[in-house]
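First comes the structure, then the notes that go with it.
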């Protein structure tokens, strides 16, 4: 073996985990062109990788040690400023990866990327989203395809039956109305604060054969996740969120995205949390 | 010519809310000349405005949607480095606005501005202040008119009957003695931690026909409010604070200030919280 | 209702200068959706205002004291993430203002806003642009209307006769080819370094009855202008740039924009320079 | 008395508290050469001093007012990049100070400094360490003497009988195995979350005649302590930690260190907490 | 010798230089209460010390090696927010130190501290000040004793005969008028740019038996000194400034201050330059 | 071709350059354990890559367009905190790559990595180093293998005949003595300022069959390169440096390193300059 092989990482970006068949495949989408407040989520994917390479990934509770697990990292998708191009690209990449036996992990970037990724999974795949917002605007800042409206677009295309929304605490009147009309399953901030999040989530997710989870980090209180595009006061705690991530261990998580991390405003706390979500999501699914 | 014309810039800064009669009038006081640790609260008013323009202001629980409410923004008071000039100026502006039917919201700047604003309200107006500190020093850093002594000056002028102090956790021996001598009503950090803040506050405020509230953001734990001049470890949480803000919905809040935000040390979390306090204070009073 | 009423916030932000007829009218365009590297130029307009309010604006060399001159500030144009909507909006606002006798100053935002503003001036108005880049790509990151291609769009619409490009030092092969084909007048980085910028510029601008100037701050060395979206090594100095701004005093500057300031990466130096460019541009035209 | 004596601090770094015999002696160790993620803990000692000089140090609950207590500050130990030199130096300084009747407070720097300081105390001195990690690696990044392995070195030298580990939540498989083999007393993150930290700690510490406490600030949730070298998601809260610091008031704390503060990533919140830990540790021991 | 003596710095703040009689005595004044734009110069003194401890201080051109020279550091003067108290205090400290044979170096803080320090030197001591501004306002932001008016106060007290002003580039009309009336000797920005600074300065300073120099770091271009309170575009370069510092080697510099460093906005470049100015000032006077 | 192949970068880290035989091979060394002032150069390699991916790489003057050139990026060497391990590792990697026909580019990390890389090139390879410092200490901070002593180690091993030192301006007396004893060829800061750098460098390098160049970015003035570990006031400008990089186009540059970039203190300007140095070094050698 050459010294280059010995010393150099080899894999693209995530530092070298175990060998064998890959348990998960990761790619990043550095897109933030429809951001409405503080741009910079394009730098999210690399920040999550850096944190992931520096946290402990041994999960005795989940009986998994990711140091022994292979994770394929494809790097970042090419840069574009067009939401349409991005959604089509993410859709095609995800579709190509989704059937391969590996869990698919997508690192954002803003939340609109989910409009590309989730629909690439088979019909019947449940969609569990954690978010301070509903992202159900009809349009926002003159864009119908936006981080603030992506979920409305998904529901218009596929209906609301497979949707579970967790943790919303800030929304507009039009979103509340759309929500009521479409009878979307919600686990509220108040229910989570009362300690009922994990049980409610396990119930809600149990009906799906497979699940896609979407983590908009602004669901967390800005104290726990300062590095986001749109901080909203008084959200859930990291303990509450990670308890729910763990509760999803009883479901088969086919794919997941972690979005809205903005490293320009982060102390490192948000990236560490994103890395932990990724680590637990992979570990719980082994 | 009115004092408002004399001192205020003229035009608004908060992005365009609803029409009709204004529910509230806002002005900023970019003053921080007696700061004792980390200066920069002079940048507070504009940071709160920017956050306010980027959060959701629909409050279904309070049956209010601020997108339909007019708020007048007078801009910032002229810059001065003299505490005496500042207090006189803030007093005159506030007095002119206080009788006009609109709730008056003042954005600081350091806490000494309250020595100008609160006394401009009618005798009998209650004073509810949230603060990690008592601000009851006799003088501080060679100034008798300072953010660390403003409340002592108020009590010397008007007595302690109308005062309710909430959340103190850090103080000097001389302040503890003044507090005991003057029998000031206090809701302690320990009581809030035990979940009794909202009820105690509602009780304490119920005796007043009208209330002025003062939010020194350092009452919060620095985790929730890193962007302050004087962080003190281990304060209250944003949930605990916002529950108390909501509890004041049963009182008539004539005026309020939000002070000690220092954007130079903020991640955006503190500004978002300040904006939410402002939004709830207006919404609860409609 | 006028387009200004439709799109502009309403009230001013620049602190109160003199009275009398306004010499200039200012508005901001917080748009950065096609940014290709470091987003955040949307925060540019307010940063320039804050710096302008804190620098000295007495210009004895130009025999002008802006403390005695009225400048109207219309605030910022509404936020959009659509380049098409932005360009149409900026075009309409500028057209409405351009004929009014006041110099029009536009604060960016990314360089694509110039595709809205400059064409709103009468045919025959010269266009003098300072930029490290040519912005002559055919498309970039899947957008034909982008900060990297706006000048190609302008030249396709209006030809290259009125264009003077100053200070380019970083470009792609396709831009060099378009440049040669269109015989665009250029003042090079090397000519400026040799001290010939002001004379060459005065010559080049002397043929126009009126001029529109566009300052992409990345024309400066990143040492002098760190707060930009796309820093390119080794540009011109602030002395060299301001000498050229002064040299334009012999032309009639009908309008100007100052773009690509990114406060998220600035020490304050770039904003101070932008404010000085604005101050000199107004003073030189009185 | 001269004016220099009157106005200048005199003591090296901590601002001048009371007179009389010193209750504590403080020194800093600006060492971070074996850091594995985000370097900068070398700036920790001065940041803790600055915060300490700006917080309130009156502790009515502990019946102590540090404004009346003398604390000797020796400044920082000389800079070295050699772990061996650092450990020997810290050991010698601590040994010289340990028998002098003053509580010894050491400000880090990375956690490896404890391998110098704790063993300088008499055999039988208990060791209570708060840390998100066990620091029980056999070696890390090619160093056997490292912040990630210092505790293994201590246990190899002195056995595990005197060790109480508090708050671990992230570790490697090899550490879990070493922990089990050596039967180290642990108070877990889950026990602390359940509210049992103070009682368990008082029990565990009661067996020691004297105690050395070591605070690795990453035991806290990154929300409460963003300024650390290795943030790990979802740790304990500042209330939980300070309750345990207070619970140690029933033990004789002969020495303490506060380590892993990284001011380059701090908002000031972490430094304020470190200062409070120091203040409570001294006050509880008077 | 004890290990504490061996390893600990001993001196307050500047790391341990040589032995023998002290060549200079240093103290800091962390005062910024009349700041008009970006506060934070109170953190200046410690930032200059930290940089000084990390730069090379061997000056072969000046035939001096400060590693062999003793410098006494008295630490920082007590914190006050009152300009009057500060000026009196600085005046008394300086007067006590000025006659002692050691060069007196004062680290600011804002420029108003010079109103305390310079007048404490004997009548006839020349005053050479480097500044982008004249600081000749009659009053500013309601303060007659301010960083923007301190020099007018000095001239009112002692006349303008001993004053040499270097490098002004931004001022108000009232300052230009006062300047003309008082026939103050000036070396202009244009003269410095033309390379004539050192010679003009040596000439101007040659008439004084002893000189006090005052370095307001904003005389530098913000590119070279971003960390200042009031950045003004397009100032002198560090080469130009240091050439002038060296030119003062032919004068006897009795005292000097270095003011207006604001570490909150610095990359470290400004502090490094301040440290070099201090190092050259001491070395040139040995 | 799959969509993954179409859209994903593929190569590890540098975004997709041209095809054909690789002109250069790049690897990073994230090592900074002997840093003496501001740590963080370990983050340098990724920051240079990010900047490189965002600057223009068309060099008409050098008749090269790197968009058409293949560059192999091996990623970063494994993390270690041991200087000995690092030097051996870098030596082995470099030796394996040096004979392969591709130019070898090494991204630091601190300057001590050069003690591994340069000696891996054949005897007779010239060594041209740009640095504010000589790095000729015998030892520093208790380390003989340090960024401050690496060049002394090289000269002890291989003699001083092949060494050309460019741009030193800060050093200790012991270094000046070693320099004189060893008759090292130097191009001084004063010679560069006088415009003679390129010609002197071309002369000095012309004697070597092949050259290894080492760019310690602190050779630049901190205005042009704020993001370094040890800023020293008043260095060379980016124009002066890039003129010298271009002058090396007449030599065969077999390998190069770019070291001491510290992104924690950078505005992006230093990374952009590092990327340009890398781009010109490759382009000039095609």
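Labels for the chains are A, B, C, D, E and F, by order of writing; each one numbers its residues from 1.
Assume a residue touches a chain if its C-beta (ideal position, glycine included) is under 8 Å from a C-beta of that chain, and two chains touch if they have at least 3 such contacts.
Not measured: the values here are computed from a predicted model.
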{"item": "Listed chain pair B-E, B-D or C-E that repeats interface D-F [over half of contact pairs the same by residue number]", "value": "B-E"}
{"item": "Copies chain E and chain B - interface residue numbers shared by over half, same or different", "value": "same"}
{"item": "Computed distance of Cα centres, chain C from chain B, in Å", "value": "40"}
{"item": "Chain C and chain F: spacing of chain centres that average the CA atoms, whole Å", "value": "37"}
{"item": "Residue numbers of chain E (touch at least two other chains)", "value": "36, 221, 223, 226, 267"}
{"item": "Residue numbers on chain A that touch chain F, as the complex places them", "value": "2-4, 7-13, 27, 46, 50, 74-78, 89, 92-93, 95-97"}
{"item": "Of chain D, residues touching chain B in the complex", "value": "51, 54-56, 58, 60, 65, 67, 221, 223-224, 226, 238-239, 242, 267-269, 272-273, 275-276"}
{"item": "Residues of chain D that touch chain A when the two form their complex", "value": "36-38, 133, 170-173, 176, 193, 221-223, 226-227, 230-234, 265-267"}
{"item": "Complex interface listing, chain E residues touching chain B", "value": "32-36, 39-40, 42, 79-82, 85, 140-143, 146, 264"}
